[in-house]
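In the two assemblies presented below, chain A is common to both, partnered first by chain B and then by chain C.
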Partner chain A sequence: MEFAAVVIIFINILLAVNLAVGTTPIMVWWERRVSGFMQGRSGPNRAHIGGIRLGGLVQSVADMIKLAFKEDFIPAFIKHKMFFIMAPVIMFICSFLTVGVIPFADRLVIDGVTYTMQALPIDLGILWFLAFAGLSVYGIVLGGYASTSKFGILSSIRAIAQVISYEASMGLAIISMLIVYGSVNLSDIAEYQGGLLFGFIPAWGIIMQPLAALIFIVAAFAETNRAPFDLAEGESELVAGYHTEYSAMRFGLFQVSEFAAMSAASALIVTMFFGGYQVPWLNTQALQENINIVLFAMMIILPATIYFFTQWIKKNNTWVDENDPRAKESKILIKIFKGIAIAVVVILALLLLFGLGTNGTNIATAMIQVSTFLLKFFLINFFFVWIRWTLLRFRYDQLQLLGWKVLLPLALLNIVITATYVLVLGA
Partner chain B sequence: MIDIFFILFAILAIGGAITMITAEEPMYATLGLLISILSVGGFFALLNASFLFMVQIIVYAGAVLTLFLFLLMFLNIKKEDLPHEPKKYMLITLGAVLMIPINMLIFKALSTLPNIDMVLVESDFGTIKALGMQLYTEWLLPFELISVLLLVALIGVIVLAKQKSKKEIKQ
Partner chain C sequence: MGIKTVKRHGDTLRDKLYIPAIVSGMKTTMRHFVTNIKDNSNLITKSYPEVQPTDITDRYRGVHRLTKREDDSISCVACYMCATACPADCMFIEATERTDGVDEKMPAVFNIDLLECVFCGYCVEACPCDAIRMDTGIFSFVADQRKDFILSKEALLANTRSKDFSDD
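Here is the complex of A and B:
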């Protein structure tokens, strides 16, 4: 195998692993800070390594280390020890594999060879997501069953009923998208969204199919067991549901797989409805043709953003006690950010001076697209957190009514309308 | 490579089926069936039938068996609730012996197959697009008839369930 192929495959797998697992501490941190912001308190901001707090991110690293080194404990009354051990692993693997089919950038051409920017080079796309989203419920079921407690069993029953009823609407919403895109391959879907609608609107899924987008996003919340659909772990009724009896890293695995499922869902929402890796109004070809202008724009925008960010740090990141190491954090961070800004400007200027070859243009385009994808991905993840701290949890019967009596008929109606439109206009 | 995977999936499929028949706990039986179904999905994947592979996982493993598990847990069926079966293994052996003539027939049919190279006919054989084109052009009528049949079954289930609940209310 060639060197370029090895590097590209390695980068893709690294991206997929980091999106699925590596984002967990960041998501835990966001969840705490956003909830703090919404409830008018500050959230975690004390823990530090040599004075560096990173706005509380160090706290979730500390929590992670604590979970990993805690004693692994299995209660004596657990009859099915094998199920008890397997459950978090099944859930983790299923959530983890879903990210594999997400394209992070357009097909990359290096020395005439085309590489797909996916961790798993298969074209099953959306079906792969559906399959593993359906399988991940076995983790919850086995965990709840093996816990040998009423809370666990009740939460498993709720999780199954919820996943089955929302999978139907989700599949139907996907079908209406497939009628538009004409392919199940996520790379094709993202490529389609690089076009323009009526000549000036980006042809994103959410603009062409707002109803399908709404149904899919609601169903994705239910599939990932996130609030307002987190009935499986409703604290007020079921203690902690299926992970009541779990502790240490087994509980940690449940937690990680919950965030991995959330990441997979938001990566899929980005790819299906928000243009994937496409920069709005600049598809791959346009990017490659105008790469110098884009790099020049980045050379101005990035340092400006960093300037405003450092001003924000100076104003908000303070510590009262002068002698505490945490008081110096702002200065250190500002220096680091200024260094990054200078490095970015120098590298971009050098690239502009000496010009990019064909390979260089392609790689730069891919890097811009991966950054765009990551930006959209984190925005959708923020949306997940935002919803969790805004909406109240549904009651169980309300959840079933919403699934079967509202979302399912709407999804069917949407399919009929889309199919008629496509058939009549021949689009 | 493919042979190794075939043997692995075959062992898992047969092992899962045996577990399903012999397991005392209903939960183990269901999970045995799940492993068997997933291995059959693996066979489809080995044959390049990627659509059938995905549908096997989505429909059977993702929906049908989760419904089984849902019922098991909803009714809370345990080993003690099941009828006592002292002659279980003898009956299973009897069933296996009764199946021998059919197995012999299959073996005979397989051994008379012409010895040709078993490669895939086309590279897009069994992929989603090829399958869809076949279904919606050449086999449109049978496909639609099957969907009408499924619809009839669906409506039948709803009618039966509704009738029963009405009678119960009158009592």
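Here is the complex of A and C:
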């Protein structure tokens, strides 16, 4: 294999793994701090390594280390030990594999050879997501069943009924999207969204199909067992639902797979409805043609962003006690960020001075697109967290009512309208 | 007169759509988020061990103290009123004769077990000499061993009225 191919495949796999698993501590951190800020409190901000707190991110690392080193305890009354052990693993693998088909950038051409920027080189795309999203509920069901506990089994029943209800509307919402895009391959879908609607609006899925986007996002919340649809672990009734009997890293695996499923859902929502890796009004070709202008714009925007961020750090990242190592954190962080800003400016200036060449242009475009994708991805993840701390949990009958009586007819109606429109106008 | 029909909520199309209500709720949470992240000093909570509360009222019942007379000797006459009134039986007093001529009796031992105490303030009410008070404003006490929670007469005499409280 070519050296370039190895590097690209490695980078893709690294990206997919990090999006699925590596984001978990970040998501836990966001969940706790964002919820804190929304409720007028601060959230975890004390744990530190040598004074470095990173706004509380160190707390997530500490929690993970704690989970990993806890005693792996299986209660004596559990008869199906193998199912009990397998359940979190199944859930984890299913959530984890979903991210593999997400394109992180447009097809990359290096020395005339084309590489797809996704971790798994398969064309199944959206079908792969549907398959594994449906399969991951087996983890919950097995876990609840093998727990030999009423909380677990009730939670499993709820989870499976919920997934059946919402998978239907989700599939139908996807069908209307497929009518628009004409392909199941997510690379094609993202490429399609690089175009413009009426010449000035980016042809993103959410603009072409707002109803399908709404249905898909609601169903994705239900599929990933996130609030307001997290009835499977409704702590007011079921203690912790399917993971009541789990402890240590087995519980941690459930937690990681919950966040991996959330990440997968956000990655798919980005790819299907928010233009994937596309920068609005700048599709791949436009990016490659105007790469110098884009780099110059980045040279101004990035240091400016970092400047405002350091101002924010100076103002907010403080510690009352002067002698505490945590009081010195802001200075260190500001120095690091200033260093990053200078490095970025120097690298971009060198690139602009010496020119990029064809391969360089392609790689720079891919990097910009990956960053765009990550930005959108984190914004959608923030949306997940935001929704969770705003909406209350649905009552079970309301959940089923919403699924069958509202979302399903709406999805069917949307298909009919879309199909008629496409047939009549031949567009 | 007649039957008054109360209009039920949730019947309008706006309510049934859910979306406007969800959007207004999300606006509220986002407003809180933005104000707090822009300036962390807007947070309602304090960074507790470093920042101590300043809003403890004068009526707050904190850890006890034994008051002193004008000549700096102990006010307590070891009458056992407080120990009798105590519902938690957390006061252990041993009386002794007072030889300095100020009074006839004083406590040789005056122990309060803070782990037993329920901070009801009955001892303060029962005291005929205004010798015990709970106006130190101390709300947090920590120790490594159980015996460290038993405050002796010396410790109780060393406690003073909280500086945040207004003067008598």
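Operating definition for what follows: the second predicted complex is superposed on the first by the 427 of 427 C-alpha atoms of A that agree within 3 Å, B and C clash if a C-alpha of one lies under 4 Å from a C-alpha of the other, contacts with A are read in each partner's own complex, and residues count from 1 in each chain.
Please note the rule applied: a contact is a pair of C-beta atoms (placed from the backbone, for glycine too) under 8 Å apart; a residue touches a chain by one contact, two chains touch by 3 or more.
Treat the numbers as computed from the prediction; the structure is a model and nothing was measured.
Engineer: Determine, for the superposed arrangement built on chain A, whether chain B and chain C clash or fit.
Structural biologist: Here chain B and chain C can both sit on chain A without a clash.
Engineer: Which partner, chain B or chain C, touches the larger number of chain A residues?
Structural biologist: Counted on chain A, the partner with more touching residues turns out to be B.
Engineer: Which partner does A:V320 contact after superposing on A: first (chain B), second (chain C), both, neither?
Structural biologist: After superposition on chain A, A:V320 lies in contact with chain C alone.
Engineer: With the two complexes superposed on chain A, say which partner A:I157 touches: chain B (first), chain C (second), both, or neither.
Structural biologist: It touches chain B, and chain C stays clear.
Engineer: Is A:L130 touching the first partner chain B, the second partner chain C, both, or neither of them?
Structural biologist: The first partner, chain B, only.
Engineer: Figure out whether A:I85 sits in contact with chain B (first) or chain C (second), or with both, or with neither.
Structural biologist: neither
Engineer: Is A:L67 touching anything from chain B or chain C once the two structures are fitted on A? First, second, both or neither.
Structural biologist: In the superposition, A:L67 touches no partner, neither chain B nor chain C.
Engineer: Angle at the Cα centre of chain A spanned by the Cα centres of chain C and chain B: state it in steps of 10 degrees.
Structural biologist: With chain A as the vertex, the angle is 120 degrees.
Engineer: In whole Å, how close do chain B and chain C get at the C-alpha level once superposed?
Structural biologist: In the combined three-chain model, chain B comes within 27 Å of chain C at the C-alpha level.
Engineer: Based on the A-chain superposition described above, do chain B and chain C contact any of the same residues on chain A, and if so which?
Structural biologist: none
Engineer: Please give the residue numbers of chain C that touch chain A in the complex, ascending.
Structural biologist: Chain C reaches chain A through residues 22, 25-26, 28-30, 32-33, 36-37, 39-40, 43-45, 47, 50-51.
Engineer: Would you mind writing out the residues of chain A in touch with chain C in their complex?
Structural biologist: Touch residues, chain A against chain C: 34, 37-42, 315-316, 318-321, 386-387, 389-391.
Engineer: Applying the document's contact rule, which stretches of chain B touch chain A when the two form their complex?
Structural biologist: 27, 34, 50-51, 54-55, 57-58, 61-63, 66-67, 69-70, 73-74, 76, 127-129
Engineer: Going by the contact rule at the top, pick out the chain A residues touching chain B in the complex.
Structural biologist: Within the complex, chain A touches chain B at residues 80, 83, 122-124, 127-128, 130-131, 133-135, 137-138, 141, 144-145, 153, 156-157, 160-161, 163-164, 167, 183-184.
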